[in-house]
Amino acid sequence: MAEKKPKIVAFCCERHGTDAAVLSARTGKQYDASVRLVQVPCTGRVDGMHILQALEDGADAVFVLGCLEKNCYYDTGSIEGRKRVGYVKQMLAEVGIEKERVEMFNAASTNAWAFPEAVGKMVEVAKKLGPIGGGERP
Amino acid sequence: MIVAKRKPLNEIAEMLAPYKKVTVVGCRSCVAICLAGGEKEVKMLVSALKLKAKKDGRKQQFEGFVVERQCEKEWVSEVEEKILDSNVTLSMACSLGAQTIGDMYPKHLTFPGLNTGIFGVPEEQGVWSEKCVGCGNCIIHTTGGICPIARCAKSMLNGPCGGSANRKCEVNLEVDCAWAAIYDRLKLQNRLDLIEQLTPAKDWSTSHAGGRRTYVREDAKLTPHQKKGKGAVL
Amino acid sequence: MKAKVQVVLCKCCTEMPTLLDLEKLAKVAADSDNVLSVLSVDAVCDGRQLAQVVNDAKDKETDRAVVLACHKKDISPSLLKAYKRAGINEFMVELVNIREEVVLPHLEEPERAQAKAESKLKAALARARLLAPQERQSELMRTRNVVVIGAGISGQAAAREAAKSGAHTILIEKTGKSLKAPGIIMPNSTLVASEGYGGNFKLKIRAGEKLEVLEAAAVVIATGGGWTQLKGPLAKAVKDAIPLYRLHEQVKAGTVPKDPIVIVDTPDPAGKTLRVQDFAWDDALETAMELKKKHPESQVWIVFQEMRAFGLSELAYKEAADLGIRFVRYDKAGPPKVDPKNPTSMAVKDFSQGELINLELGTLVFASIPANPDNEGIAEALRIPMTPEGGVRRGSIQRWPVTTPRPGVFVCGSALFPKSHEVAEREGEAAGSMAGQFVKPGTIEFGGVVAEVEQEKCSACLTCVRTCPYEAPFIGKAGKAEIRIQGCQGCGMCVGICPSKAIELHHYTDEQIMTEARTLLGGDF
Amino acid sequence: MKAGSNLEKVFDSGQFTVTAEIGPPQSANPEPLTHHAKMLRGYADAFNLTDNQTAVVRLSSIASAAIIMREGVEPVIQMTCRDRNRIALQSDLFGAAALGVKNVLCLTGDHHVFGNEKAAKGVFDFDSIVELQVFNNLRTSGKQLGGEQIKDPPKMYLGCAENPFATPYEWRAARLAKKAAAGADFCQTQAIFDMNMFEKWMDEVRSRGLDKKVHILAGVIPMKSAGAARYMKNKVPGMIVPNDIVDRMKNAKDQKEEGIKLCIEQIEVLKNMKGVHGVHIMAVAWEEMVPRIVKEAGLLPRPSFP
């Protein structure tokens, strides 16, 4: 049987987040294909509901990548994003699901390492923890 | 909702008698719905106070305004000029509204026009009854969805006292005995075993007994970085 | 109405044909619902091929497109324009960055890359089915006024530069001092309130005794530093200490300050808010050298924790040392101290030598410029944020360093944080230039990705009003939130936080975002 | 022995127990207490000292207990949850035990709207069942509610009250079960006039085996007049007085005498009722009748233990 492939969702802001991901590819960085990048205009657009729904839909881990907090394109968007992620983590902890399945990262568009590093961390988490509830993947 | 009722007109008139210019501020929220401090009540009160001043031979000016929610600064600031332009503001909101105005303009006098009573529900048109006392630790899943802390005069936790007659409360024979209601509800739900279990002493520290309470949702709070203008941390 | 989708596969990315099975990808597209046309082109950014693509869209009467190509920012302008000509709204084109999200990062895993590309295509199709056309709108600016607040060095520079773009400049100056600058100068005036948005502001200005309302297309904040405020233990101990600019005036006027002259960075050396940029070191070095050149006999000390001079000004360190100016560096463990009972001497621990030095104080000068206390009122009037130090906070560097988070409001000079004369002037020019460019078109463009409130669901809780950095949401006449779309930047923060889920962001609806994520999760790779 | 009180000993000996009530005065004068103690000594096994009954301010029950103990009479102090929070209740229990009190009756308490301080702030930190749990835990494990371990915990014989005539009737025996589980050693019932209804309740009590866990003292009240009967029927919540009893009082030539007679008859019935271990005579403001009732009901002499 083939090794189970983790499923990671990355909500990336259209500004620094996506730009950092694009730059990493342009500079030849390779990362695990498991990541599913979903663009949002700003991490402040991310709703805790999106993250939880992604976990429900089979994601093993979800991360949100936004601008650096002090240099957010939408001024305070990545702060909002961080707070949303924080609340989801708290909820997960309350229902006994590992909160490290959800993470917030920040990057500048020039940080070519940021996206692959985030993917690497989350893949590691997903591999360590396996699917939520331990069930077979659909 | 928060249920309040207007103070007796005489009491209000007496409170306001020494002041020339009175701004009455109502609220469109809970107190409007419980017919205590909405636009209509404010207008009627202003008329009544004008009549009373006329009858008593006092030269007073009354002007009424209503804001969306008096417990929030943003709404209150809509009538800021009117408040500061008066000698006293009569708040026709619950005490939360009156205290918000007071905290915003500490030099200015703000008096309560309502008596704030209960967290209640409208049982029928014109009737509100208390169903919660905000103890901060809800247990109604164990009592058939009926709160004995609020609905029993003695906040009994282990069933009705010996004064329950005809399923009414000994303190007020108009009011249903909370525990009789709980018994019926649990019987209906086939969960009577719940009231046979001993309920231990309640931890009141989550209630007002534990001191003034503040609830914080960290993820909703604006960080200093997110604040603007004067609100920004200096 | 049923969606009619055109799928375009761009072969441009060199690795793509070797890594991915394009035919298979095209088949996946062709087999999907709503797809009327699948087209493979060598390079979608090539004009002729693009023409072929839009002609195909016209022929097949498609109403939307999914384009698998590269980064949006690289191809979208020409692509969207072409589609627009074909009658397809720009928001009906779903771009998939197959190059940088699939091909380049997964070169070593062709099988997974193929599966991921197919999944990406399916997700884009799913999203495309949910797209709706959005219209951009524009509004005429009622005026081309650029209002500059503060007529100091940076403010005058801003007015000069803005005027070059044809803006009418109005300088609001707090004092009554006479000035030379293009446009109107309003002395003894302050900004007290504002309404509107970038392009069409209404400013309430107190001019002397009168309150005036001024229309403005853009605002430049050039309030400068808080020149008169010196707070901290050193200022308290040495009553006759002076700020740097006062020393500069004395040197210019030929007055000889009392020897020895000690220039220290801040009156509060052990304070928490010390930042390198808070000191006008260029000016301090220049003034010290000018003094030393005029009066070689005078003793000049510069006491600092960290020093940074801009660009070539760094050469001044050596020049100053050669002139005999002495430098003492300290750290927070050994900050300079003055005993208030003996204000003629300062003790400081030399960080590099480790020894305690006692400096005689003839004249004590502070190089720091405190934040201008007026900033608070200005920030309140324009509803913009401030720094913890009391400066105006600038917007994201991606929007340029002289912007504030509010579009149409620019900032320069020591209003941000203390600057030297020269830097302040350059920044003033930059801000003035940006303001000039901002008002030049005479119209404001907005719409597209903007938020909209579903009023039946709104409970007027004010959460959006408080959260939006742009003052776009407000409570309208109906007592419900509304979005002033001229101010809406399309970030969606209000949408993400609305407790009643009463706000939706066009082009990034919950359904669109979650459908995309769900479809991607459905793929096996 | 849980507390070693006289009451406990009488119960344990299996004899039919008699308790009565002494109402503390509405004053600071201990005289009435001393007077009643002297008068009633030897006619009952222990005497209840009410705790501001019907929320009327009276001399405190613990102080009253100390006073009657000087006369060689055993007290049962009533402690309601109306006026004291858990700090005061536990503290007063220590105090009572230190004074030598060995019986305590745990009550939630009449609501203060019935009393002479209607504007009071009721406490109700506990209800009687919580109070029983806390006191029981104190005597058995020496643990205070807050968790603190107490060195010399109060050893008390714990009583409770139950009203078979309050609604919901069908749940009243279950409530006694809760009290038994909470640690009650004995139970005083509300005054009984409707013997059929009481019998029904006792059926349920017996079927649950509660009479084996808790000593049941059936409550009786000698009535002074037909007016008193009507008052109790109509005005006292949770009291049921059947019409035939009201009529019997009304038609009697000497209503006082009829009241005493009725009370004695009731005791006779109760004496023979299975599971009833004694009577509690509540001669409110008519304490002087207690010796006669006890004597005529054939309950003398009261047992004594060396």
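Read from first to last, the chains carry the letters A, B, C and D; within each, the first residue is number 1.
Simple rule for what comes next: contacts are C-beta pairs under 8 Å (C-beta built on N, C-alpha and C of every residue); 3 or more make two chains touch, one makes a residue touch a chain.
Note that the coordinates shown come from a computational prediction; the quantities given were computed from them, not determined experimentally.
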{"item": "More contacts between chains, A-B or B-D", "value": "B-D"}
{"item": "Approximate Å spacing (C-alpha centroids) for the pair subunit B, subunit D", "value": "41"}
{"item": "Rounded Å distance between subunit A and subunit B, as computed from the means of their C-alpha atoms", "value": "44"}
{"item": "Where subunit A and subunit D are represented by their mean Cα positions, the distance between them in whole Å", "value": "68"}
{"item": "For subunit A paired with subunit C, centre-to-centre distance based on mean C-alpha positions, whole Å", "value": "26"}
{"item": "Shared interface positions of subunit D, touching two or more other chains", "value": "none"}
{"item": "Where subunit B touches two or more other chains, by residue", "value": "220, 225-226"}
{"item": "Subunit C, residues touching no fewer than two other chains", "value": "385, 467, 469, 497"}
{"item": "Interchain contacts (touch definition) - all pairs", "value": "A-B, A-C, B-C, B-D"}
{"item": "Subunit D-touching residues of subunit B, taken from the complex the two chains share", "value": "153-167, 170-171, 173, 177, 179-180, 183-184, 195-196, 198-202, 204"}
{"item": "Subunit C partner contacts - residues on subunit B that touch it in the complex", "value": "28, 68-69, 72, 74, 220, 222, 224-230, 232-234"}
{"item": "Complex interface listing, subunit C residues touching subunit A", "value": "71, 73, 97, 99-102, 104-109, 112-113, 116, 119, 123, 385, 395-399, 405, 449, 467, 469, 489-493, 495-497, 505, 508, 510, 513-514, 516-518, 520-525"}
{"item": "Residues on subunit A engaged by subunit C in the complex (per definition of touch)", "value": "5, 7, 9, 11, 15-16, 19, 21-22, 24-26, 28-31, 33-34, 36-38, 40-42, 44-47, 49-50, 53-54, 57-59, 67, 71-77, 80, 84, 109, 116"}
{"item": "In the complex, subunit B residues that touch subunit A", "value": "217-221, 223, 225-226"}
